[in-house]
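We call the chains A, B, C and D, going by the order they appear; numbering starts again at 1 in every chain.
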């Protein structure tokens, strides 16, 4: 309520109480003021009521909520269902204008403000998680893969003759498809094995650069190569915001070499529903170019989600989640290692991966060729989600390209394995439960083996 | 509650009442049954509680809501903010899998079911609004423009050598950009004037086909040309679902010629927030191909919105909205015509446009060269939204292409005009208010003119 | 947002758009201003967003929502469940203080303001529905019966020697119990039959006054008697606000005689959930006395409900509902009459009852003694709610008092009957469905009768 | 969804995923099953979605939500505002029937079930918090005071000649008024001082019993006296559920003597909004009698709130809150003691009060007679709520009775003091902030004193 209405309230309730109410209101206004002024993720999280107050203030500024509006266009933000209007806080106009997803809409000052503030807050988070010198970013309501496609399409306009993307292999369909969809031909760079770990084959990359004289590649040393050969460099940072290591590598890559844009998933890094990504970079001009490539207005839904989430958590809350994740990574490593030893397996040594871990399933596979895949479906049935079993011998055709050893990121990774990730939001209880169920499954698989063997023995005995 | 729990309830409340409660529950189940069985938009709309019951049932089936789930992957549908979880009905996993936006997710049976049902219901609507023989469609959480881009990118894989899109001019940035973003070169086909109306220049199209031997174009007669020359044909049906005329033209085009896909906006046709589109076609195989081009999971938000909306309205409710829109088109035409006459202008004769109308502003412009643009900003300030003023002399560069007479869809449309649309959801009150305010603005502009003229006269008089 | 925050927003979004947003916000503030200034039900209903904005502004003023509050009392408005907090718009402190349900709470300026405004708006409605000179009222979160008890308890303090309440019989348990609970002895005044209608027996009332020299009674002529004999007069106006006739009788009664207080149900008159009542009267002092009799703070829930509802409807919306109700009363009378005739029954002639109607069931009862009660349960099973069947021969003991002919309001009402009410919110469809189902039930009962009779005949025939 | 609909879903999504969804649904059903079967507070809290699922299942069973219902009564659970319907989960019919607040409503099986289950769950909590042998209770949507009034009114019917209530003084208006409202004359028993603590004057109680031969009194030894003299005994247990000590005293009192009913506040013990109470006792017959005294249906809102809260917390969650409260009581005692010493005051020694604590303000008052009341308003302004300052010399008339030393519970308590409570939901931060602000206020008051004294000295010096 404005000053005048507070005064009028003093007719009904004694003025000292009303004045305290007014002071309380100023507390919320003050938080909003700092946000608008600094455009940063607040240190401390906001309460739900401050957030809802802010969102309803934004909605009030959109023309579809004007009390005296009359609309005679074909896009007036009308909503048929009250359920739908409410779940979007009556912010209906989406973000951007035809021609620029970051542009301001005359009909929707509130939605436009939301868009600007969200991008500004997200930029702040990218900075404090490690990409200190990032200069621009925007939330785009598309999956990471489609966002990568948009980056590649933008680059096509800069380099009309480019045909190839050098792609250090990573077995994720979206990533591969993002290049194919954009009309490029991916050149797969097989990884090299160092101990248990797969590493980018930089010699092969340089060889391919010589061979093709071409376009797009992935981290750190790559940046230097890209810089040296003047090749655009797009980084698929997927769920890397949650790892300070990934973020520092990007920062480092941009410092010593060249990174044109890095793209990260909203849901995987910020605990929001699937559907959005952040496209960021160190050269504001190029990022703007990308934002202008999105033809049309876009859903504000992912922006609303990430804004609510970051305002709720505050910078401190988000950092706390990252610290917990890191700590639980240690716990997961320790417990998975112990369990592995107990079953004659071992924790694979992958020091460069700060999020995922894997235990070998070699011993299991030598006992039964089907046990490894069986383990996968047993875990699914027992509601352990996200623990992937990789037999290593799979073959898959993606967009016409045949991958051997699919899911293991290599033609012939030497061990079958099970992997598990300590991703943001994981809890101690998740790990405990997972270990318990995994233990049970393994025991049951070994027991069946023994029984089958005993059965076999019994049958063959006279 | 299941049978057992209803039985247990009879311990607390007498069984005849509980049995009536059970019967009532069956009423809701019955509605859901018909939906799952037929996959069609229900004749009568559902109440909010049936809809919320259905959505909460779907959410229960997603792994992030399993009571005993433990997640150790990097994508577990965790949500940091309760506000966010609730506004998405706890449906967090999005739709599709990496590699196919229409595919089923093992982790999210509920979200997958939602996706399938939504596409099925939307297909039903496309059929009963006129595209009777449409065979497949899917909701995609991207703007119409970006969805067109996706169609073009799919076509590129079918026709790797194609470079041009023949594009009968329509002055909307997104539409133009959708081709540029996809890496094609639009070949603008200027329209021809028939009376007040602009029509596609078919001769020019055929000439260009001869000239380029090329790829993509727009309605009815075009379909025949495309069929004849074996050229893919993508229709930007923008807000055409709300007009039986547009839908019948598409149906007709597919019958007598060739339409590969037609794309329509969700928000403009279904009164939901900005951010989604429907890609539909008559050849299921091609539509599947497009759905497989979207790299990655995608936001379920537009699907949820359109499903809620269609279940709320029911087929009858939606048809009623269409009928009202059509009726109000007549009213708008009549009132705008009367008002035009009163001010020395006229309603432009555009019988082929079933949604938008325009009145000339010629008389006004001859009196004052600035009055026309002034009128635009006056209407904006008076909260008349969507009524566009087109002076006709604008020039605009879009993605490097310079358009003369931008917004009028022609290099030299003979009249300045103001247009207004009778789009779905418009009310009688919108029209009344718009006419009242427009009247006032025009009066005030004429008055100022007279005053200025008098001032001038006064100054020049001795 | 305050002025400063709007200014800051201009850094992010161009100032002309922000200024339009600010103007839009003023529209909402303006509505709130008029409400606070006039304390009346607004003419036109508010939109949901204005209402929620207002409620969230109120909540911000309560100490439990102060951002810097620390609480060390035993009543701090803490809420354990987010679901609960949200459904009460974070208004947790209830209304009133120990000792006065209308008093202001220092800890809760917002809730206090809500309470004041609600009572003020409700007073306005009582005035415009007919009780023009009502001077004071308050919403109390108790059923009508318990509210009547509170009135009686207040009167006891004024008249310590009073023991009896003269009570013209009305067969509703709550009403009877309200006197017993308050510790009084009801003196039942049996009604007299005029045609089909029961009317208060005024001679009997006067006789009892002579006999007891006592205390409390019910309408119009009663008011004169009460005035003449200086007897407090409490009116149970139950669901009378929806009928201009009832309201005018109260207004008239207060003008020519004496009415100390009249009590009406919130849910039955204002379409809100069960649980509240309005205590109103023409002497502010006495109403204040009652409000001070409620020991303790009370639930704000019924006040919130009625405030939301009246702001949503506006005076015009509420009046429209009343007009529709009246119109549908006519329809119900006509259809019920026709149906009655068809089955050898008739519509009872009860011109003084503006809400309820009844059809005789005499013909049915002469054919089968059980058919009348059977009809009741058939209607229940067919989801016809509220249509009561009154056989007229029931006997019931309420708080020790035996009532003959219970539910018919008379010892020996001459006809069994079925009654139905045209109460606020009823729809044309309710009536149509009810008539259809009633028709079916009657037919089926008659058919069974005939079959049974035929069976009997067959059995007795040789 | 029922079995059939799950089967139909397998047409759209592969059956193994659907089956996992079905299994997940069973998890929720299982929780509901245990609740319905045992009628106890679940050990572990439920998630918000299980709770909402349960509430929506209940709502479906109420006739106002029947899809085919037609209503022709005057009380049909119609709701004018969607906001109101939603915030009550569409449970509109309230609880109870006219004549019994615990009775089942034919029209509202769901609301009736909710009422029964809530009372059952609350009974379980009363048992495990200490009143082990409590046999019956019900939630009543009225303040504690009004609930006490209802108990007294019930007793009046058992003892028609009773006129007095013996009342060991406790300075809370509601409590005193609850007797006056019920029409009784409270006989105030002044407390006796033992050290810093006030204790019930049992000799005086017995003397008054002799004097009046009368009716109603309050703990443990009192129970024995009541039993001995056959006097009904109602305990105002206000916020005692949160203290195991209070609950054990009640249990003990009922075991060795007589307690007819004990009444507790919902909001103060269960962190829900103001407006409800629990009436409980050891004799089911008497509690039923009280429930039958409430004339009319009543608001379900407090029942919904407490049910949601207890299901959310679970027994373990609630016990954890109690344990924290107890622990923080120790911290508050320690910190308040230290602070008191620092300012020449002391913590009053009140070992029998397990919730509230007090520090003397004697030193402060000797320095300045106004400082004590000033301190009160300073704390209010600094958003310290609930810390009451008791000067000890106040006089107040409540319902005609003059109390000397009002708020100190004694005519002449020897010290002015400030009290603070460690009530359920208090946090460590509340205490820290309170101490900090209290410190500041005291310093500032002393400083002013010194300055004023210096001023005085300066003035008098030559």
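In the analysis below, contacts are C-beta pairs under 8 Å (C-beta built on N, C-alpha and C of every residue); 3 or more make two chains touch, one makes a residue touch a chain.
Quick caveat, the model's predicted, so the values are computed rather than measured.
**Student:** If you average the CA coordinates per chain, which chain's centre is most distant from that of chain C?
**Tutor:** The chain farthest from chain C, judged by C-alpha centres, is A.
**Student:** Is the number of contacting C-beta pairs greater for B-C or for A-B?
**Tutor:** Contact tally favours A-B.
**Student:** In angstrom, rounded to a whole number, how far apart do the mean CA points of chain A and chain C lie?
**Tutor:** The computed centroid separation for chain A versus chain C comes out at 55 Å.
**Student:** Return the distance between the CA-based centres of chain B and chain C, expressed in whole Å.
**Tutor:** 47
**Student:** Roughly how far is chain A from chain B, going centre to centre by Cα mean, in whole Å?
**Tutor:** Result: the chain centres lie 29 Å from each other.
**Student:** Can you pull out the residues of chain D that are in contact with at least two other chains?
**Tutor:** 20, 48, 52, 63, 66, 68, 82, 106, 380, 383
**Student:** Which residues of chain C touch chain B once you look at their complex with the stated criterion?
**Tutor:** 20, 82, 380-381, 383
**Student:** For chain D, which residues are in contact with chain B within the complex?
**Tutor:** Its residues touching chain B are 1-2, 4-5, 8-9, 11-14, 17-18, 20-22, 24-29, 31-33, 36-37, 39, 47-50, 52-54, 56-57, 59-63, 65-68, 82, 86, 90, 104-106, 109-110, 112-113, 116-117, 120.
**Student:** Touching chain C in the complex: which residues of chain D?
**Tutor:** So the residues of chain D touching chain C come out as 48, 51-52, 63, 66, 68-84, 87-88, 91-95, 97-99, 106-107, 141-146, 148-150, 153, 156-157, 172-178, 180-183, 238-239, 267-268, 270-276, 293-302, 305, 308-309, 312-313, 321, 332, 355-356, 380, 383-388, 398, 420-426, 429-431, 433-434, 437.
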